[in-house]
Amino acid sequence: MLKIGLLGAGRIGQVHAAAISAHPDSVLAAVSDVYVPAAEALATPYDAAVKSSDEIIADSAIDAVLVATSTDTHSDLIEAATRAGKAVLCEKPVDLSLARARVCLANAEQTGQPVMVGFNRRFDPNFALIKAGLAAGEIGKAELLSITSFDPAPPPVSYIKVSGGLFRDMMIHDFDMANFIMGEAPVSISATGSCVVDPEIGAAGDIDTAIVTLTYADGKLAVIKNSRRAGYGYDQRLEVLGADGLLQANNMLESSVVKSTIDGVVSAKPTYFFLERYMPAYRAEWAAFVEAMQANNPMPVTLEDGVQALAMAEAAKQSLDTGKPVALADV
Amino acid sequence: MLKIGLLGAGRIGQVHAAAISAHPDSVLAAVSDVYVPAAEALATPYDAAVKSSDEIIADSAIDAVLVATSTDTHSDLIEAATRAGKAVLCEKPVDLSLARARVCLANAEQTGQPVMVGFNRRFDPNFALIKAGLAAGEIGKAELLSITSFDPAPPPVSYIKVSGGLFRDMMIHDFDMANFIMGEAPVSISATGSCVVDPEIGAAGDIDTAIVTLTYADGKLAVIKNSRRAGYGYDQRLEVLGADGLLQANNMLESSVVKSTIDGVVSAKPTYFFLERYMPAYRAEWAAFVEAMQANNPMPVTLEDGVQALAMAEAAKQSLDTGKPVALADV
Amino acid sequence: MLKIGLLGAGRIGQVHAAAISAHPDSVLAAVSDVYVPAAEALATPYDAAVKSSDEIIADSAIDAVLVATSTDTHSDLIEAATRAGKAVLCEKPVDLSLARARVCLANAEQTGQPVMVGFNRRFDPNFALIKAGLAAGEIGKAELLSITSFDPAPPPVSYIKVSGGLFRDMMIHDFDMANFIMGEAPVSISATGSCVVDPEIGAAGDIDTAIVTLTYADGKLAVIKNSRRAGYGYDQRLEVLGADGLLQANNMLESSVVKSTIDGVVSAKPTYFFLERYMPAYRAEWAAFVEAMQANNPMPVTLEDGVQALAMAEAAKQSLDTGKPVALADV
Amino acid sequence: MLKIGLLGAGRIGQVHAAAISAHPDSVLAAVSDVYVPAAEALATPYDAAVKSSDEIIADSAIDAVLVATSTDTHSDLIEAATRAGKAVLCEKPVDLSLARARVCLANAEQTGQPVMVGFNRRFDPNFALIKAGLAAGEIGKAELLSITSFDPAPPPVSYIKVSGGLFRDMMIHDFDMANFIMGEAPVSISATGSCVVDPEIGAAGDIDTAIVTLTYADGKLAVIKNSRRAGYGYDQRLEVLGADGLLQANNMLESSVVKSTIDGVVSAKPTYFFLERYMPAYRAEWAAFVEAMQANNPMPVTLEDGVQALAMAEAAKQSLDTGKPVALADV
């Protein structure tokens, strides 16, 4: 039974606590949060201890830590936990600073401890089927990937201000998804973006709508579309055109009910909330982490993957700022 | 915290054990099974006691029992448990004998104890939405209900022999669904059926394919189609035509992935296994039972509902045997 | 170039006139109608002569006649035209009287002239694909056929009164479709029906909603559902369960446009008007008639098929009236 | 009755001949082709004269000419025909040279004769519904347009060599579609493209796969994806995200038949051939031309629209060559 320390008791920490606890081979041993009552509220139903992050990392009875704190603490905590001999599952992004993330990667690698980055969408069964279908040659060699990723509604502007911006906060999932599906990183990234959803987001220095194009060494192409608002739900689709056909992952719908009247044929909307859509993915992500730890296998999503996606976000930001494509090798 | 005794540790008992245990207000206190090792295997991970059914029913610390034993014991156990002052959730069917089920109903009613019958499909979110849409007047008054209910594969012939036959074992779910959606029982039932899937089923005295038509006092009509085999999955659809439109509940699919190649556009199949399809319904069923117990409300599916569906199965059997419609009032 | 005489210049006559004229091997030579101005209005744009039905039938320059007059004249016109050595395509139903239709069949057969009955739906590309898929063994042997056939709105009650009733006027299409798909006629027919759409229809002695079950010699089953009103459009679906799977023909939709908003995901409705849905079928029907004439092949839908469907309508009516299944051999 | 001269008797000329002839207010009066037997073969069934292009343009009895010749002759023929006082419907593109097209536009405008460019997709009922839905405010203000346009198979390399390249030959339809849907031209265009379908296409100096991003003055964004090969059919989809929702035009399918077996649920493919998909659009296009001529209204697609789309193709080519976004105002 793996004893897990959870750093961060916010919304995403709560999701992970449930997954840790539900897994037959892991137990939530301790929880920390800068706001102690939050840690207490989360720890109590799981019979977990409430400690500081430092205490958890120093606790030799803890086998692994799950880092679900604010982004600015990720690198430090990864370094501290790996130095302390613990396996780590850290939420995305690794850091807002690519340079810092790279230092973190180097330091963590020196410890030899396994670090996984929480790109939960890789564990969505639909996207995993696309990956498997490609690997099985169902549509031949991939040529053109298209990712549609719209949030149902924008987060508060206060969050936007500290989020690192759309590329680092939101599209980073899609950058990693492109790497996952394509099996390699692109060579060049070209971004366009604008603020059409909410001028407050623009005033906060961010964009809310973006199209980013990726080109690959062998000529493959990919495009990612992001919007902070698709009022009808959480629109998460992906399709890849290959030499022999097309693989598509469509949205999960709220129900299978269809109503036909004189006003039209009405189906259910895509699930609205990210947890509704990706809860199975969070559970599968945790199971994959546990399995890799137990088998001493490489993590299914590495810290390097996390840094790679961050580099792509950085390249996209540079491209947006300069109006020119940016070589990934140059960031 | 309600203390629950589970009678029967077979496949469906295991499903209920998980639902009982996962519910915040109930705990699996004791398990019985005629095959004691099965009870032990199920009880151990839940820290539940292993007892005989009699002991569980006699145990004053037990608040409610869940009857998941073989059908021939249902009536006796419902009577014993209600006599002992316990609430009961009993799997369908109440009994293979309509007469016995009616006696059981009378006896249970005398105790005043609440009894719920496990028609889990009422708690399927899709079917529940159909019911709610009708109640909300989304398509006006119901006129024509159509239920398609195909199993992925027939059960072993050994099971068929003791099942009570297709009407009592399989279509009973659909009879109850018709009552649920229509909000009343039909006045007349007309059945056709045959054995085209597997001659062994016919040799065992049963049919494997059936169409049953229901007529209602006010002219509404319903039709239920059953087959023991739809190789592509568990085909569970329902549609109701009303004065102003149509409501349909389509199948749940294994994924949202679509593959387009020269050979066609291939979508995911309906989920194959009944638990995959109806697990949310089993959880919701248990939650509804707990909620009704706690609030001292009428059970959402009553023992009378269970007897009603059984009477419809009996009428269908008589109709099949005589080749004539049978008035429900006459069985 | 086949010279065609069209008897009847009503709505369906106009449909056929267009199909006759558009076919490269046939020309609309003459048109008759009891209301001469209607014949003139239809004939003029096609440069066709306006004559009486008798004149057209007597005209040796006419190769074939298309009978699109009122139902009570069909048998007489088929007999007269075949006696005059002409091929005939006659609209359904052959007659409202099964006895009269049988006499007509006998008389027409004596002339040796080919007679086709206008069951246009056999030529709908989707239903034809189902038939072809079954023939190709795509789902193994057929076991359970289900036909859903709802009109968008009921016809005027004045029409209902002379229509012969729902079974002869509307469901006759579905009886023929069952024969087409199953490749044989059923042995027994059981009908339920009621008047829930419009009490005026009931006052006119008809039903507006019906479910008819068909049983076959080898155990196959079929069910046909009819309603005179499905406000959302012309609902024409068919599905057949076979030993290895399911074939479904879904509705044709008005467009491929989907709108997703907070209110739901809205797709296009089924086409509303029967001509919109079945125009390709009418054209293909005519082409099949011409091809059979030219090749001296048997007609793809025979007069016997027309009488068979009428017998099934008669059996359904008897079943509805008596409340018992009726053997097709007994009508 | 408008008398129409058709210049060019190739595949697309044949499509237009059928539309001209089928329209009640137009007649195909004359046909020309550099290969006279082709003109003769096309003219004969329509009873049209065979003449040279010069003769047709000089013929005062001809009201309008339809230019369906090779692209290098378009500008000259538009100029000659408008000078001769004729209305013109010219196939896309106006010219391979943007400069030449602009001269043609200036010259044609001086004559005051109406010129329409054959962007047939504007008349596709589905895309037209999207445009209408946007205009009706169904999803609020447009924010992000996405066009997927894949051919089923690449044309012969010999054609590629004279086609002007993917942007001028294929994506030009999508540039016009973006202008149609967005109601304005973009300010900047950024292109990526590669040759992954067939190296022969690359050897011919062209690309076969491309992603082009468009940015608009007010922050709207659009992306167009092209591939010369989607083996499963002609993939023509469009979706636009607005402030209040999403409008999508999905593919037209070959049938409404669905087959479910153990191997999956197989639907029909998108129609494969462009004529199958867009024939209704060609007919509607011609009807719109005739209607504008008769009413003396502005053409629904102007020569300026044709030049605008060509300028976008030119900008895309420059962007591809330079690796930088190109301002549309700069080409």
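Some points to look at:
The chains carry the letters A, B, C and D, assigned in the order they are written, with residues numbered from 1 in each.
The rule we apply is simple: a contact is a pair of C-beta atoms (placed from the backbone, for glycine too) under 8 Å apart; a residue touches a chain by one contact, two chains touch by 3 or more.
No experiment lies behind these values; they were computed from the predicted model shown.
The rotation relating subunit B to subunit C, fitted on Cα atoms, amounts to 180°, rounded to the nearest 5. Across the assembly, the mean Cα position most removed from that of subunit A is the one of C. Compared on C-beta pairs in contact, A-C and C-D come out with C-D as the pair having more.
Separating the CA-averaged centres of subunit C and subunit D is a span of 41 Å. With each centre defined as the average position of its C-alpha atoms, the distance from subunit A to subunit C rounds to 58 Å. Contact of a single residue of subunit B with at least two other chains is seen at positions 230-232, 235, 244-246, 260-262. Interface of subunit C with subunit B (complex): residues 141, 143-144, 146, 148, 150, 188, 190, 192-197, 209-211, 213, 215, 218-221, 223, 225, 227, 229-232, 235, 241, 243-246, 323-325.
Within the complex, the subunit A residues that touch subunit B are 125-126, 129-130, 133, 138-139, 244-252, 255-262. Listed in rising order, the residues of subunit D touching subunit B in the complex are 230-233, 235, 253, 260-270.
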